[in-house]
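You will see two complexes here that share chain A, one where it goes with chain B and one where it goes with chain C.
Showing the complex of A and B:
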């Protein structure tokens, strides 16, 4: 009798478990990305990108008529993020499912006027939403327009943005793939401010929403990275681009592979030095009661291209190139520090380094760090670059052509 | 007291699982910020000292349960009242642990399921095990300990491989002075989880080699302290102090950060289920202590039958002790140490030990 009871109990446990709050896949709307902006009335507008599973698969096989777009975009307003998200249910036929949301797009205007501090709590707190979700800023374009633009190759625009960001960070190094956790950690730290990558939509915003846009070789509009947003006290105060942006990524030790262009004598952009791996250390020391920051970079790499006839069998030439690369990297880093100082925003966490070195001194420096101490901070940059190899060839064929012989 | 014996290794596993129990999931000693690991290690040393006290008492009366020897030390009536209060204390702690785990499950995995149902399912398993007796409890501990070790090692490797650990988050050491670390030690880690080994006074008489109790207990407390300190250090180095202190369950938040090779991610559910195993042992040990103690106190012949009613009491307690999780934590951090842990873990045992010591001395004198 007891055994039978036990068996029934076991059967119940096996068959009934998981039924309590079951969610059928056909009842879920997979939200790929979330855009947040503010309208004229001061309400938040949440724009979500919902995946159309059938159309994604169709598009990848290339068959069928493929009329439908791979994602559908909906917007709703609310006084806070959760309210906007709940109001979206009036428009979407399924339960919104945020566990696979990989991207949050914050509107530039919202970030400038109100700051990003108020919108992040919902994403930090919700168990479905992950704090490893990537955050970007819509630069010079409405967050909603970025969400609505269709993209070729990677059919779901949110994953296109994330992949672009990931690969450009790895191979070019002017942008940062930051997630919600990193942004919040920077916001809560007294000696660090966040840096968030901006994305721009180049082309016709209205055409970008239509399927015709991606049925041509050149889409009507392309979503492209555009600068790093500098924050201060949670508000966006400006952008850094180009070399300074790359210098910032160097300081944050996030460069994986990048290209450093070196001049050779009179020839501009003569040698391309490809960084393969690097390590950057930030250390602080106190001198006469004032902190001094040292940024030490150690980079290793190969020669990618030379357009001058130089002899790459000669180790001395390697040394020359190394020197050139060191100067170039140093220039980028110094430019980044310069721009951050102009914005009076310690985006590199130099303050954190001081705090870790000397908590007592930090207590007195903390209050005026960004406005007074950081802009006057002495930053020493030391770069060690090593050229390891020169690819498949030693001398360039240029040194054997008629004119150079 | 049932006729059962547990081996030294089984006791070791039980103490270890008991210590890890709910301490592993909560932001333990986060009041000491990045020095939480230090506060835990100091708590461990203090906890070892407290355990020596319980062990000394056990050596005076190696064959009988504490519920019986308090009667010998301070007299029948008073001893019975005190023993009864101890049973209430164990039941209350069991309910608290159950609440911790129930809330964790609801928050992370079952948002639509009522807390009562989750706790009820847990209590069914606990009651079943306790009903089967201490040997079954010890043997299942041996078995499941292997699973926990495997998952813990896997988790550690995954966190390491993900490159999440940033040791600079642990610096500067002693930013807030040693006094604040000591404060956290003396108000939190000393009692939770280390002082809670007082419940093992109820289990020590089952040990097959009583003289091993001291070594085994200290070893298990030491290992659990090192594990808890390193887990908290990893949490802080992965999440940073601010996120760790904001997290209700920092270990699971750390696990959520794991992203290896594009597909090994969102593993928190696996780890959550393993953590429940540790919680199951902590609750079972406490319930067993209440059951066997009650049987001993009221001279009930078949103690295992008590598992059902007392399990039901703990289940109801676990849902009703606080109206929300914030209240539950506040009570646990501010009221329970002062009004329950200090008297039951330190003051009363110390008092009993002194009396027992004087008693035996007088006997020897005669």
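Showing the complex of A and C:
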């Protein structure tokens, strides 16, 4: 009898509790990306990209692709991020679901004037929002405009941006795919500042919002990476581009595969060295009470292209190519250090290396690290490049045509 | 209301005590007079035309009146005609002697060319022999009857079992005849220790039931328990081994089978060698095996015939299959209504796009499809073969593209239902597959109310339940829980034959050693068996 009573209670617990926290898919608005900027009144403007599933997935009943835009964009204002997000409910018919938000776009102006520290708390705190969400800066364009631009191939613009970033980081190495967690870590640790990739929109901003834009071979506007944003005390203070940006990625040990162009004698850009593997170590040592940083790079790669007739069967040629690659990489790294010093922002975490080496000395250096010690810091760069293979050919056909002549 | 039940109960009690022929009840033994005896037989069998009474006379001047009584169809017609009647009527020598001597003993000794001949005088015994297909010879003036084993008659030939098909393995299966079935097993275990104990169960049907075990391998306590439970059965009829199974189970409140049933003699032989007890029931090709453990239902006889590595991989697959058939729809419901964050973004968008046009919540959608499938399956099994193709055509419409196009279900749900269906067909044991079928709905309800948390709760409850089960005292989850390391060589994994040192300890008796040591085959170090004919110069080079 007791058992039966227990069972009835159990049954009651199951049946009467209802479907707690149940949320049907058709009641959810999947937010793919979130853009944050500030308007003239000083209020935050949150712009969200809501996925229209029917227009994204191909071959489904009720719609099908190409009939409507893959995403719809809504904006709302508020005194803080959550308020803006809640206000969005006045415009969106479904419960906003942030668990699949993979991109946060921060407006450049907001990052310059107010910094990014304040806005990250909401994302860090919210149980739905992922801290692995990628963060980018809208460079020279409103965050809202980036959110509104349509993209071909990857129909959801947010996922286009993330994939672009991932792919370019892997094969070109001038940009960094950083997420909220990494940004917060960099912001909170003394002796390290975040580097965030910037994106801009090339082309007609208004046309980019229309479906016609992506129904052409060349879309009206393209979202493209543009530099790395340098932060200092949470505020954006400038951008680094090109070789300096690549050098930064080298120092941060985030290079996966990249291209190093080497000059051969008088010929500029004669040889292309393709990095396959690399490892960068940052170490610090103290000399006369002053810290010295050593950046050691060990790179390994293949030869991708040769436009001068050289004999790649000769080991001496290999050694010279290696030397050339080392010089080139060293130049990039030194340029990156130089630019960071100019910005007086320790984006590489050299300060952390010093702290790990000598915590007591760091206590005294800490206060004036960015403004005094870092710009004067002596940085030694050692690069060890190795050519593993020469691709499918050793001697280029160029040398044959040369001989025939 | 209560009164109504009381009356019915009383009636029932009356029915059980009711002796249909109280007037001959006192006549426990037969009479010396042939005509009285035959009258009694006629009366008791209600003059049924298949009870054949063949009266004949023997001896000089036909002085000895005899009668052969048998039931048409139950006896081997050929032997009755060719041997029994022939020898009684034609044997001149016998005719002379019969008048002089005591005829019964003479017939028994000289005239009846059959293996099993006994005498009897009690009606109970006579009738049960008669009903079993034995022939009775009555002789006028003798209050004793010859009972001759002429059992035979029409029976199905030995065919390949349809419920447990194997690719590699013997093709014979049990038939409805208990004696054929017993012989099929005895052919495989040629050992005097293979003991068979016959008994009759069923007040009315008097069904022959036999327990079979290997005397020094089976656990005596289990044999005793099987015997006790079978003896306890007091029902009017046993028409299939399912009757017996349900009457001797340890635990009735469960969907899981606690007795194994099989149509395959090799499976029975293998299980007897592990120390199990087989229960044969006349009239069905399904033989029961006790005690049964849970993991047994994921094993197929073929596992033991194929290589151990393949067999092990298949067993892993079957466990996976069981879980798919149990929780696939539940997991879909949980993932799409509670844990959208767990689904990869791209997949979620695809699923969301499909759900967009579906008017039902996913639980209802899943329930709808599962019930549809169950209906389809039931129809497929019960309908005559001729309409089978019609069912598959219509079935493809209700769980298929048409259902999707109608906007009632999403394609993902169709896939889920289909994979569940295939998984439940792929489970080697039908009885476990149908219990998974039932429990699946409970899991779906749990998933719809609590999400994955509910599924995990369900799995925990299921595990607790399975661990609480016993089969003839043996823990149902053994040898996994309680864990017996040696016996785990034949559970989820199937160790090679040279590593099967022991019988299942909890099932078999004292005699657990199965094989000698060093059974692993080792190739000889020299290579003498390599043919030397291809010496230098011999080849076609």
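Throughout what follows, the second predicted complex is superposed on the first by the 375 of 405 C-alpha atoms of A that agree within 3 Å, B and C clash if a C-alpha of one lies under 4 Å from a C-alpha of the other, contacts with A are read in each partner's own complex, and residues count from 1 in each chain.
The rule we apply is simple: contacts are C-beta pairs under 8 Å (C-beta built on N, C-alpha and C of every residue); 3 or more make two chains touch, one makes a residue touch a chain.
These numbers come from a predicted model, not from an experiment.
With both structures placed on the common chain, the touch criterion links A:307 to neither chain B nor chain C.
In the superposition on chain A, A:356 makes contact with chain B only, while chain C stays out of contact range. Of the two partner chains placed by superposition, only chain C is touched by A:24; chain B is not.
Of the two partner chains placed by superposition, only chain C is touched by A:54; chain B is not. Touch criterion met: A:159 reaches chain C, while chain B stays clear of it. In the superposition on chain A, A:132 contacts chain B only, with no contact to chain C. Legend: residue contacts after superposition of the two complexes on their common chain; A:181 is shown touching chain B, with no touch to chain C.
After superposition on the shared chain, chain A has more residues touched by C, the comparison being chain B against chain C. In the overlay built on the shared chain, the residue A:202 is in contact with neither chain B nor chain C. Residue overlap on chain A between its contacts with chain B in one complex and with chain C in the other: 20-21, 99. Against chain B, in their complex, chain A makes its touches with residues 20-21, 99, 124, 127, 130-132, 181, 184-185, 188-189, 352, 355-359. Interface residues of chain B facing chain A in the complex, by the touch rule stated above, are 107-108, 110-113, 117, 168, 171-172, 175, 239-240, 242-243, 246, 253, 256-257, 259, 265-266. The touching residues of chain C, counted against chain A in their complex, run 336-338, 340-341, 345-346, 348-358, 361-362, 404-405, 407, 445-446, 448-451. Interface residues of chain A facing chain C in the complex, by the touch rule stated above, are 14-15, 17-26, 28, 30, 32, 51, 53-54, 56-57, 60-63, 97, 99-100, 102, 128, 156, 159.
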